[in-house]
Each structure stands twice: as C-alpha cells, then as structure tokens.
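Handing you this structure, nothing more for now.
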Amino acid sequence: MCSAKVSNHPLDLSESSAVEPGPWHYGADYAAVYFTADTSKLKELVPRPFAPVDGTCMAYVCEIISVSSSRPEIASDDPDRAIYKEAALGIRCSYGATRGIYFPVMWVDTEWSLLRGLVNGYSKRLADRIVLTKLHPLNPGLKPVSEGTSFSGYCVKGSEIVLRVRVDIEKRGDAVDLVAFGPTFGIRKYPTTDSTQSGVAEAVEILKSNSRFSDVWVGSGSAVLSFDLGELRPYRGAVYRSGFTISGSKVLERL
Amino acid sequence: MCSAKVSNHPLDLSESSAVEPGPWHYGADYAAVYFTADTSKLKELVPRPFAPVDGTCMAYVCEIISVSSSRPEIASDDPDRAIYKEAALGIRCSYGATRGIYFPVMWVDTEWSLLRGLVNGYSKRLADRIVLTKLHPLNPGLKPVSEGTSFSGYCVKGSEIVLRVRVDIEKRGDAVDLVAFGPTFGIRKYPTTDSTQSGVAEAVEILKSNSRFSDVWVGSGSAVLSFDLGELRPYRGAVYRSGFTISGSKVLERL
Amino acid sequence: MCSAKVSNHPLDLSESSAVEPGPWHYGADYAAVYFTADTSKLKELVPRPFAPVDGTCMAYVCEIISVSSSRPEIASDDPDRAIYKEAALGIRCSYGATRGIYFPVMWVDTEWSLLRGLVNGYSKRLADRIVLTKLHPLNPGLKPVSEGTSFSGYCVKGSEIVLRVRVDIEKRGDAVDLVAFGPTFGIRKYPTTDSTQSGVAEAVEILKSNSRFSDVWVGSGSAVLSFDLGELRPYRGAVYRSGFTISGSKVLERL
Amino acid sequence: MCSAKVSNHPLDLSESSAVEPGPWHYGADYAAVYFTADTSKLKELVPRPFAPVDGTCMAYVCEIISVSSSRPEIASDDPDRAIYKEAALGIRCSYGATRGIYFPVMWVDTEWSLLRGLVNGYSKRLADRIVLTKLHPLNPGLKPVSEGTSFSGYCVKGSEIVLRVRVDIEKRGDAVDLVAFGPTFGIRKYPTTDSTQSGVAEAVEILKSNSRFSDVWVGSGSAVLSFDLGELRPYRGAVYRSGFTISGSKVLERL
C-alpha cells in the first residue's frame, strides 16, 4: 500500500507556513524579575552598536497566545500555532542617545515563534521545556493571587536549566510598577556558508505598539541564570498580563 | 570529577514523590463534545461490571491545575507538578441500578497524573502531546469568547491523533447545559507477572466532591476518535471551567 | 536568593552556539522509499528555478549523528548537539541541464539541525517527533536484519502524521540499488518584515562530498504523506547507512 | 462533521495495550560508571528488607530496544513501542545471605517501560529527556571507538538534571571487567487511596536470563547525581552492549 492522502489540515509548504505575515498580536502572562548585574559582564552579552547602560536587567518566563492579523482564527483552528512559552534575559541598553532593551537570548518552545523572532531580529533559541506557575480560580485547594502567593518558572535546554525566576507577591501593583525600558533592540542576522552567498547583519528596533497591562502584582524576586553576570542585585519581582502588537522591525544600521 | 550534589529541589525517592497523598484538588478548562454512539461498539470498550446505557458519550480535552491537600504550595514551587493536560472519552454506564460514567481511556501528559489516576482506578494512558485552544483578553488581535468563537483540541500518541474535538460556540450557557452523568466508575488494576505475586482488580467509584462550574459556553460540537464507535451523533459542544476534589475511590466489588 | 552561576556547560550566546561553522559531517541510518508521483502535483511543491523531471521521488526517515569539523568532540561532550532525526520528501528536479533533487520539506527534531539547514538552503521544519525502527544484535527476541525484516518510520507535527514510510526487506543490496539523484538543490531564504530590511532569496546547490554507504538492504516500500501527490507508484524500499560531508551551499542564481 | 474513524494502528484499549504480556527481551547500549558512596547515605535510599552492603553503586544511561515474546514484530510495526532510554542508580544490596543490586530509581522515557517496570517491581519514574552519546561508523568526522573516546549521558526531569555520567575510554575490555552484582531486587507496590481497597507491597527478585555482552570498553568514569550520596569514589567507567530477557519477578516476601 502506498498512498498520499490529503490531510484534514493540509500541509502548507509555502513560506508563510512557518512564519505568517505580520503584524502579530500577543497576549502574555508574565513572571518577571528586575535586577542589576555587573556591567562589565553584561558587555560580553551585548553586541555593537548597543551598549549596556546601568546594569539594569529583567529575566522572565511567560506563556503567550499569539496570532497574526492575517489569520487570527488559527487560535481556534490550530491551537498549536497560537500558544507558546518564552523565557528571556533583557538588558537595559543604549543605541546612541536612545535607551531601550536588548535581549541576548530569548528561548521559546515552538518552531514558529523561533523563526518569526529570528526574522524580526530577536536572538531566539529553542528551549526543550519552559514551565511557569499557573493557578485556577475554581481549584478548591488554591487561593486567589494575593499577598504571599508565589510564582516560579524555569527553562530547560539540553543538559542545563538555563533560567529560573521566582516572584513572591507582596501587593497588588500597577503598570507603573513595572520597569519601563523603552524600545526593544535586536540584530537581524542571516549568516553565510559560502562566499557566493549573501548574508544579512542589521541592527534593528522592534516595531511594537498597542501595549496594555492588567493584573499586576509586585513583590520580591529572584533569578538564577546559567551564565555569569557577576553578583545579581534583585529589586523587584512582578506577575502581570500584557498585550501588544509587533509589525516588524526597522533597520537602525547595517553591520 | 565525580560528585553528588544536593539539588535545589532535592529528589524525593519516597513513595509520595510520584503520587502525593490525597485528597487532590482540581481546576480545569474544558472543551467537551457530547454525542451518542453505537451501543454495540461501546460494549467492547466497557468492562464488567459496568455496561453502556443509551450510547451517550462525551469526549473532551482540558488543561488542569491540580494540587494535593498536603502540599498545595507545589503549584508555586514546582509548577511542573501542578499543571497537566487531559483528553478522554467517557461513556454513560450503569452499575446495577446506578448510572454513571466510565472512561475507557483518559490520556494525560505528566507522570504524576498518570500514576495518581491509575491508583484511583482511571484507565489513564500517557499522551505524547495534548493541545487545546486558549485565548487571551489582552491580545489585540483576539475577541473575547462569544457567539462564533471556536475551540479545538487534540491528543497525539505514537503515530496516531487519538482524539480531536471542536466546539463552535453559539451562546452563553450554564452548568445545567452540561450533561450530568452522575458518579465516575473505574477499575483499579495491578496485574501480576508471576504466580507468586498478588494482583489487584477492583471495580470502583471515584470519590468526587466540591464540584463547581463557571464560564460555560455552549454550541455545536464534533469529535474524531481513533477507534470505531460506529456513527457518532453529536448533540452539543461546550466550553467551561470546572473545579472539584477527589479523595480516592471506594470499591464496588472485587473482580 | 538571587544568583547567577556559571554552569558546567557555559551557555554560548555567540552566533556559533546555535549553528557551528562548517564543514559538517554526517553519519545516518535510513529507511527510504522510492516512488513516482503525479508531476502536475509535484510542480506545486517545487519553486522556480527548479522543475520536477519525471515524477521520481523519495521519502525517508533517518537518524543522524552529525558534528562540525571545528568541534567533533561535541558528540562525546554534549550528545544532544550531535544526534537528530530527520524525515523528508525529495523530488527529482532539473536546474537547467542539471538533474538533481529538491526537498520541498525536511523535518528535523533539533534546533541546531533546523537552523543549520535553513542557512544552507534546505526547507527545514521542526517536527514534534520522528520515530524509526531500530534493532539490536543482542536482543534475544529479535533476529538480525534479513529477508522478511521490516522497518517503519514516521514524523509527527502538530495534529498531523506528516510522513510515514515502511520498508519490507527482500534481500541484501548495494549502493547501486539506491536511486542516485545527483546534486541537492535548495533555496536560501531570509524574509523581510519591513521595507528598511535586507532579505535573501537564492537558489543554491548543496556542497556535499565524502559520500559512502554500507549495510544496504532492499525490498518493497510504501509511503503515506500528508499532502496530495496524486497516486503514488512505489518501486523500491531500502534500508541503509550513509555518511557524507556538507561544507555549505553555492549560489546558482539570485531570485 | 463528527465521525469516528478506524485508524491504521487501531487503538488497543485492553490491559495489554500499555503492558504486553512477557517475557520481554532487551538489547541495550550502556554508558556506566561504578563507584562507592557513603553507606549511611545509601541506607536512606534502600527500603527493607534490602540493605546496602559495601557502598558499591553503579550509575548508567542507556538506550534499549525491547520487545515482548508475544509480539516481537512491534519493533518493525510500531517502533515507538520498542525503543526507550533509561538512566538509573543501582546499589549493591543484600537480602538475607544473598547479594544483589537494588535500584532506588530508574528513569525511563516511555509509558510502556514505566508501567512494565512498575508491575515487575522496579522503582521506575518518567524522565522528561534522556540523552546519550552515539557515534556512527560512516561519519567522516568521527573516529571509531578507541582509547581516548568519551561518552556522556544525562537525564532531565522537571527542573533538575537528575543524573549525569561520563566515561573516558582507556582500552577494550571484556564482560569480566563489568561489576557483577548478582540478582536484581525490587519492590512491587500498588498503594491504596481508600480503606476499602486492596494494596500490594512485595519484595521481589527480577527473573532475568539470557544475559550476554559485547563491545565492552573500559576506562575512567564520573557521575553527578541530584541527591546526596556523600563523597563518590569512582573506580571504573564502561561502555558496552548487553542483551537479556526478563520474564517477571518472584516474591521474596510480603511487606
């Protein structure tokens, strides 16, 4: 027997089957920790033309529901293409006179979030597994989020737990309690493997809009990372929901 | 270099490290489809002393947050031990004069939910992957759940998509719109591999309490299963949240 | 507690941490099926400047051990970075007067094989799971490979079994029993998400050398694919081991 | 649309679908480390009626091809049901005057190896991921196993790397270079969740036969475990292939 059947979800081999055209919309649940680290260590993680500013960093784990403008019904029809988890380290950076945030690494757990991110200039990597605390209002054994509630999350890649965060909630907060970093910087990079090929290397700013926040809770936080940032001095942990839209990234300069 | 280190989360090799003592509390988000199937086919899936009644079945996919009474903080400290997904087929059955529901198979995606379920008498199996639609209120590209919203879910095991459900929402509903099956029946079974061993084979009723429901939406539904139930006649799909407590299971009779 | 520790395997955030510089060496165990399909259907899967020739295709599932020249010890030190599985559909194609093979899709199960392949011009996608028959000479219940032995393999992605192959061995074969397709064609493509960005679109030929084969067994084969290729006419199945080196890909033309 | 289709691999919901009747045959590739640990620490890991003897332990990671006598063709037809990986810690123990080995934990990465093992009395747990060095004779960048070759393996569960081993090969060895522990001891345990239920608690000896070894290489080894065994004193690492048959387990005493 040798047959080819048309599947219920016909396989789309076009370019857009892995990365659909944007803009892309996001709704996310975060557990984040803000801290300062050794600026000399951070420099090793930040490529030119960006530079660390004051050692301020954030580490987070989140679950994201994301759809493209062109196909929002994918969340209903093919949920695997709309849900992912992400863990990242972000560093306050400057590009000339502009302050923003650069993420030296951002782990995700699906193909499409990996490839979409790489095309936009995020230094995305694929995690084996990302786990984050979730509560449920109808669970008879769990209390609603309040003072004393803790959230933890971690990211596994290969033989490493590459990132852990923990937030111990002290009180309800607001969007102003979250550290505002400004624009997100990145590097679009498509390397070459032969001298006949064209490559791409561009410093970019992510085109982000529609930001909104809700369900903010703040408290103390801790983070463990698998690379050396010197001594970490945490000053806040936060749990919150956020939504935003990314339409692409604009080139700051070619490298 | 050969060393043993004490980990942050010391490995507990005691019996309770895989299955913590109950009662166990659950909060779950369901996409469920109610249908009738061919009773003669259902008979092949239901072991004595239970028997199908009228062909009524349900198929669902859900995400569950579960903790034991003895250690509810596990949801905060070790979220991997509190979150799982489940997909199942349930059949309206009778045990003598009592009507209830028997699940010939219930796939889950974590070790602890597999083993806890087997000990309580559920016919649990381990899925490779269970996926279910999730929306997010802050995603700028998604509308809130309403008429016309669809949810879908599926369960993958080996080289099979063993179960698919889809619910197309028509209106807000209430707990009374969900089919009430009554008690849950099961079989506790621990087989033997040698004549010197003791085995267990007991028909049981799950000890379930604290049931509560919220966010019920109803509409039409469809289901595809990887085994032959004859023609399926769906009569309702529903999306809802539910909470409950399971304290164990009581023996109805030894087999 | 908030600390950053240096891990045993320090996280390398440089470009080479995901894709090490080539050349890359491969050793693979294949179960492959050769068949012809409807050329009009194949045309939809093959982008210009390539064109299907005579409907000849291959579908395979394999396990690969791969290392870069720059770091062959990775197989010993970090085995996760040297082992992957792959499933693919290849189509005999022409580029001008040259015949070769183009793979409209090649699923793999690790990040680094995905990204390395994309950079070289393969249309790689990430599978959820790829499974392939493996035997063991010391297993008391298994016979050595011989006439009558069967191998099967499949690839799961999302809610689809996207490819299945089965080979029923009839006799020992040789490298000449495998269909020789000639050079491997591909498309290097790095899309843009903003008009300020540079993109890449190049038709390439993979630079492959050092090919060698062993343990060839041939027989009948069957394949099931999740996209419509019309009627498939299989004419051979084969199980074999192969080794080769890829140093990059040279540009045939810019698109 | 609501339908039930008969799948290519019809789902077997009978008891044997998860655990097929034995005997079961195994062929495995091991990377193992022998060491001594602090006997007082080992005591905490060994339940009565077994007791540690002299601190001798082994830690290993392996890949196993396993089939039941009743259905050896499963390796060809459904390879997912014949391949698994395992990582374990074994401790030299005594049962009365008999010396053997007890494994306080044995992680595996498939459902059926988990359940089959639990029924036979192994303290099996489900790993998230087990990885082990594999070489390939046709890979142009890899040398055959010889003096200086290293193998490493690890097991991930939740947020822990629960076991790591590394073997640095010094010379070809023979089966006599592997530590012979004697019989394998275990505990068959099926707990209860209600006073009306029957439980099982039996000390057993695994019924193992047909042992054979090949491709033995020995050298130095190191191991890292996620629980405290005091100081580890490794005295040998070994890489080898082994085959054997397990027909069940016989009860030594009820607990």
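As written, the chains take the letters A, B, C and D, and residue 1 is the first residue of each chain.
Throughout what follows, a contact is a pair of C-beta atoms (placed from the backbone, for glycine too) under 8 Å apart; a residue touches a chain by one contact, two chains touch by 3 or more.
For clarity, every value in this text was computed on a predicted model and none was experimentally measured.
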Q: Quick one: how many steps at least from chain B to chain D, stepping chain to touching chain?
A: 1
Q | Inter-copy rotation, chain A to chain D, in degrees (Cα atoms; steps of 5) | A | 180
**Q.** Interface numbering overlap (same over half, different under half) for chain C and chain D
**A.** same
Q) Distance from the CA centroid of chain B to that of chain C, rounded to the nearest Å? A) 38
Q.
I'd like the Å distance between the centres of chain A and chain B, where a centre is the mean of that chain's Cα atoms.
A. 32
**Q.** Numbers and ranges of chain C residues touching at least 2 other chains
**A.** 78, 80, 131, 158-160
(Q) Applying the document's contact rule, which stretches of chain B touch chain A when the two form their complex? (A) 24-29, 64-69, 72-73, 75-80, 82-83, 131-142, 149-153, 210, 212-214, 241-245
Q | List of chain B residues in touch with chain C within their complex | A | 128-129, 131, 154, 156, 158-161, 164
Q. In their shared complex, at which residues does chain C touch chain A?
A. 1-11, 13, 15, 17-19, 22, 33, 35, 37, 45, 78, 80-81, 104-105, 111, 114, 119-120, 123, 125-126, 158-160, 162, 188-194, 196-200, 202, 204, 207, 221-234, 247-251, 254
